[in-house]
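Read through the structures below before going on.
You will see two complexes here that share chain A, one where it goes with chain B and one where it goes with chain C.
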Partner chain A sequence: MWLPTYATPFERASRFIVLSFAICVLLFLIAPLFVIVPLSFSHDPFFTLPVKQWSLRWYADFFENPRWITGIINSTVTATSTAILATTLGTLAAIGITHPAFPFRKAAMAVLISPMIVPIMIVAVGSYLFYGELGLTNTRLGLVLAHTALAVPFVIVTVTATLSTYDGNLSRAAASLGAPPLSRFFRVMLPQILPGVVSGGIFAFAVSFDEVVVALFLTGAEQRTLPVQMFSGIRDQINPTIMAAATLLLALSILLFGTLNLLTRRT
Partner chain B sequence: MNGTIPLSHHSASLEPPQAEPARKPLVQFQSVKKSYDGKSLVVKDLNLDVGEGEFLTMLGPSGSGKTTTLMMLGGFERPTSGHILLDGKAVEKLPPEKRNIGFVFQNYALFPHMTVAENIAFPLRYRNRSRAETQARVARALSMVHLDTFGDRKPGQLSGGQQQRVALARALVFEPSLVLMDEPLGALDKQLREHMQFEIKKLQVELGITMVYVTHDQSEALTMSDRIAVFHDGMIQQCADPVTLYNAPVNRFVASFIGDNNLLPCQLKLADKDRLRVAMADGSELDAINPPAGRMKDLSLSIRPERIAVAGKTSSPLNNRFQARVGSLFFQGDHVRLTLEAFGSDALVAHVAARDAAGLRAGDRAAFEVPFADCRILEA
Partner chain C sequence: MSTATLSLGRSAAMPLRQAVRRAERPARNLAVLMVVPALLFVIITFFVPILKLLATSVQNPEVASGLPQTMIMLKDWDGHSLPDEKVFAALAADLDAAHKTSSAASIGKRLNYEIPGARSLLVGTARVVSAFSPPYREAFLARDAAWGNPEIWSVIARNESRLTPFYLMQAVDLRQDAEGHLQSAPADEAIFLDVLGRTLAVAGLVTLSTLILGYPVAYMLTQAPARIAALMMLMVLLPLWTSLLVRTTAWVVLLQTDGVINDILIGLHLTAERLQLIFTRFGTVLAMTHIQLPFTILPIYSVMRTIPATHLRAARSLGAPPVAAFWRIYAPQTIPGVTAGCLMTFILSLGYYITPALVGGPRDQMLSNFISTYINRDLNWNFAAALGAVLLLVTLGIYGLFLKLAGADKIKLG
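After this line comes the complex of A and B, so read on.
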């Protein structure tokens, strides 16, 4: 495979080793899927492999249980709000920070990106204490704000990347033709950087949808998101419904990143 | 847009336009200075008027301040000090969208997500034109640049020359008082460039547009302009019509930037009312024109290569005659390019008619001549 016809036996052997190693790493990364997905379709109430009898009963269970449904609704609302807020703020920040006249650009960028690097526990405890003072714990607004802070760096990174290929003369041309600033942004710049903005929005949605630590701290029973529900589900009763929930989350992630891939390929 | 087009001085005569009625100034730069870092000036004290209906070219090497000047006029840069007047009103604080100036960019800056027709209709959107009028104007603009059937295409489907025409149509469709162009033909090949030069010039004359054009290509500037402002070091070295600029450059920079030129060190030997004589580095003497006003040191004599002829082939009695050794000959088709050893220089360039150079060989000594009126003394 991909070897020149004149490869020496040593080259063939080393190529074989590299290839085997790579396959092992990939298998290791996706191995959990081989457990979770089959188990979610198993009839047995115990986690046993191989699956003896196939069934959709845990999916039925999932969709009949109001706690799971609330989780899905909460997660969707929170992630959508976060995506909208983070995309708006992150895009504005990216446009500002790439402006040639922006002072202290590197320092500002480091601060904006910091939520990506700061340990999640610190963010969670910090926002718990701070939002408690403001009365934002156990509210959806609080959770959305905290998730937005976590998601904004992803938007900034993707939008900054597309902005680096944006031709500033387009905005200048629009200005010379009479377009005021807002009009220049919506009619000329946004259509050009849209793939980056949408990618950032998808990242933001995924960050919020999968996030569990901050959500555990900030949510009460009413705002409980899907990952929080899964987490408490594991603690309370071990039940394959959680495998169905996990498989559904996985399917959503694949869908989101498939969309992302299509978007980046088009540009 | 009728059939007869009065093309300006270009075809008619090669004399500098005499006492043209003064045009009403549309653009005025008044002591404009620009610095990006607060220390060095990119534009140093610029004073320049552009008349209504005039085609003015700002010519200069890169970094000479010409593009910065254009950007300030377009509203994309603000002068550090001084004023820019448009139709008598100071505009230096006005944003570009309020200036009503058409701008053609070097890379065309067409909106890639819009069709050609949408691109051209873009400025009309901000001028409250009815749907019908917009369509009519877009159609007229497209036909003006010979792209009638291209309205539905995206810019990416057009060739460079076609994109350039769309950019031109878009900058003209809203009938701006002034059109600025920043090296608009820089990306085109030579043939297309020459064709577009002609078309732009024709449109400018037909529509009576005031145009300020930036280029570093001197032949482009000579072809198209009513006047050329030669920029160097953030200053206008000379602003004049192409013929004056070529024949009577005011300093060494202009003399060597516009066309080929020989610049030879010389000293003033005799200066009275009707005769000016200079001594060259090798001691020979020549009659010259343009008496230096101030400094007498470091004078140069400027002689265009094509004004040097093989002796005996011209009849004017006022010629300077000199002996020179032929260093090399290069056949150029219509002329022969010679390098001569004379006046203490071993690289005096002369362009002589191919048939006059017929008998010459490298290494020959021969007599040449140059009219005294083509030997110009330059101080700086």
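After this line comes the complex of A and C, so read on.
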């Protein structure tokens, strides 16, 4: 098992044990995600496996209920706006901060990254108190602003990683050939780092689409997002329609993750 | 030669350095200009709300602005005897005004945090105060003998200030007695240090579990051939991409008393009766461990990947037995990754809300869950903010440790 030829029997045995352990952990990581899929297609309203009779009734329930539909629409609009705003701000910041002449890089980075670190409940309560005074609670704008702050660090981290592989000489060559700064950015640099920028945008979209706690505090019935609807549903009484919603969210995550992998493979 | 260069360098250094700096200035200014929008945005939409939360944890306007005349009169009060007639007359005027502007309830609610029963005393008296006539002291005492208790007066006098440490002290189970000395809260109200301890304990347990489960996975990721390693990596990253709520939902379903895990345990004859798994500490830590595992694995893996395989080989060829070679040569080199991964998981675990709320029982609720309860159910925003300040302080302390030991650039997203 991937050991050099001189490995002793003891090493082979311990390698076997470690590998088996690692495989068990990997199964532990992945299996719970896929338990919800068969349950969402079960005819019975119980959460037991194996499924005795298959049915699409919970999906019918889901798509016929205006609350779930409103949730999907709200989540999509919020996440798209957040992704656009966060990608713009984050990409610019990543390019600036990686410039060799940028002062106070460590401090600026620590500030920009901190929304990833601060407990989400503190962000939610702070936003609830502050946005409440500005009249931004129960508005979509308030939610987009709060989500963008949470998503910017993800864009910065992703784009910064891509920029580390970008050859600065390309920009310098373009400059020496007379390209003005904006053309240098849009026609030389951006095409090179585009996969990273799009990955950052996908991250930002996912952060906003999956976020529950801030949305719970900042939205009223009209702006309710899909995860908020799900959370209240589980708190109330868990039902199979929530399994259908969870399966759809899982499918979306796999789709986004797949897109991201295609993008990063190409670079 | 070297001295010549040195002296030459020294004499020419300043103008050259200035020239270089001047040449670089436009690029540097552009770089700063590009970061400013994001910085401003994060400061306004993220840092200002947190400052607002911190301010709310010490704000105390209710009593000072609700009973302004009483406050002036209480300045001459000796602090332990019954106040004199002019204080009662001022209170009568203040309460009458409070009743007319319907603010008596909020003053009463605020005083009630420090003296149980103050709310009904205040609201009840405010309702009838317009019928009072001098001497006011007798009228108040006739209405309710509780007005004769100096304690309520010392609480009113203490809340003259518009800023108070009261909520922050309450968040760590401290309070002030009538003389203003700090003392610990009575046992039946002293629950918040316990909640903080529980939050730290759960986060620590989750961190330890992810390390024990994750370290071998990270190691095998570096050992497996590229194609298998890519598949293993996929199994680590996909859960990371799945929404936290979906993963928690999966655990809510799995841990049900008539759910899949109990089915398996009974099927394997490991247990005769169905176990209570949901709404337990075990269930909470299990679900949180599942959610946090990738955050611990990724930094460890990225450090392990940089350790040359030749180190172990050299150790073996010099006669080290396999276990010694691993523990003394390999493991110490993985410590930066272990530190980064564990601190990351610990920090993130401190702030959990969704998972304890859905998978945990009443005894497993963490600080965030109490904050939410105080905002939504008890409508005590100041105290919720104070609990938030405590949580923020603990988190930032550990984040500081993370920045010192690992650095912000160690944050990995796969």
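As a convention for this text, the second predicted complex is superposed on the first by the 257 of 267 C-alpha atoms of A that agree within 3 Å, B and C clash if a C-alpha of one lies under 4 Å from a C-alpha of the other, contacts with A are read in each partner's own complex, and residues count from 1 in each chain.
Just so we're on the same page, a residue touches a chain if its C-beta (ideal position, glycine included) is under 8 Å from a C-beta of that chain, and two chains touch if they have at least 3 such contacts.
Keep in mind that this is a model prediction, so the values were computed, not measured.
Peer 1: Check the contacts made with chain A and report whether chain B or chain C touches more of its residues.
Peer 2: Result: the larger residue contact count on chain A belongs to C.
Peer 1: Touch test for A:L129: chain B only (first), chain C only (second), both, or neither?
Peer 2: In the superposition, A:L129 contacts chain C only.
Peer 1: Would you check which partner chain A:A221 touches, where first means chain B only, second means chain C only, and both and neither mean what they say?
Peer 2: A:A221 contacts neither chain B nor chain C.
Peer 1: State whether A:A13 touches chain B only (first), chain C only (second), both chains, or neither.
Peer 2: Touch partners of A:A13: none, neither chain B nor chain C.
Peer 1: In the superposed arrangement, which partner chain does A:V188 touch: chain B (first), chain C (second), both, or neither?
Peer 2: Touch partner of A:V188: chain B, not chain C.
Peer 1: In the superposed arrangement, does A:I120 touch chain B (first), chain C (second), both or neither?
Peer 2: second
Peer 1: Under the stated touch criterion, which partner chain does A:F203 make contact with: chain B (first), chain C (second), both, or neither?
Peer 2: After superposition on chain A, A:F203 lies in contact with chain C alone.
Peer 1: After superposition on the shared chain, which partner residues are touched by A:G178: those of chain B (first), chain C (second), both, or neither?
Peer 2: first
Peer 1: Where on chain C does chain A make contact in their complex?
Peer 2: 24, 27-28, 30-35, 37-39, 41-43, 45-53, 56, 213-214, 216-217, 219-220, 223-225, 232, 235-239, 241-247, 249-254, 256, 258-260, 263, 290, 293-294, 313, 316, 322, 347, 350-351, 353-354, 357-358, 367-368, 371-372, 375, 381, 384-385, 388, 391-392, 395, 399, 403, 407-409, 411-413
Peer 1: Once bound in the complex, which stretches of chain A touch chain C?
Peer 2: Residues 2, 4, 6, 8, 10-11, 14, 18-19, 21-22, 25-26, 28-30, 32-33, 35-36, 39, 46-49, 89-90, 92-93, 95-97, 99, 101-103, 106, 108-123, 125-131, 133, 145-146, 148-150, 152, 154, 156-158, 160-161, 181, 203, 206, 209-210, 212-213, 217, 227, 230-231, 234-235, 238, 242-243, 246, 249-250, 253-254, 256-257 of chain A touch chain C in their complex.
Peer 1: Spell out the part of chain A that touches chain B in their complex, as residue ranges.
Peer 2: 167, 169-170, 172-180, 183, 187-188, 191-192
Peer 1: State the interface residues of chain B toward chain A in the complex, per the touch definition above.
Peer 2: For chain B paired with chain A, touching residues are 74-76, 95-97, 99-103, 105, 107, 109-113, 122-123, 125-127, 170-171, 174.
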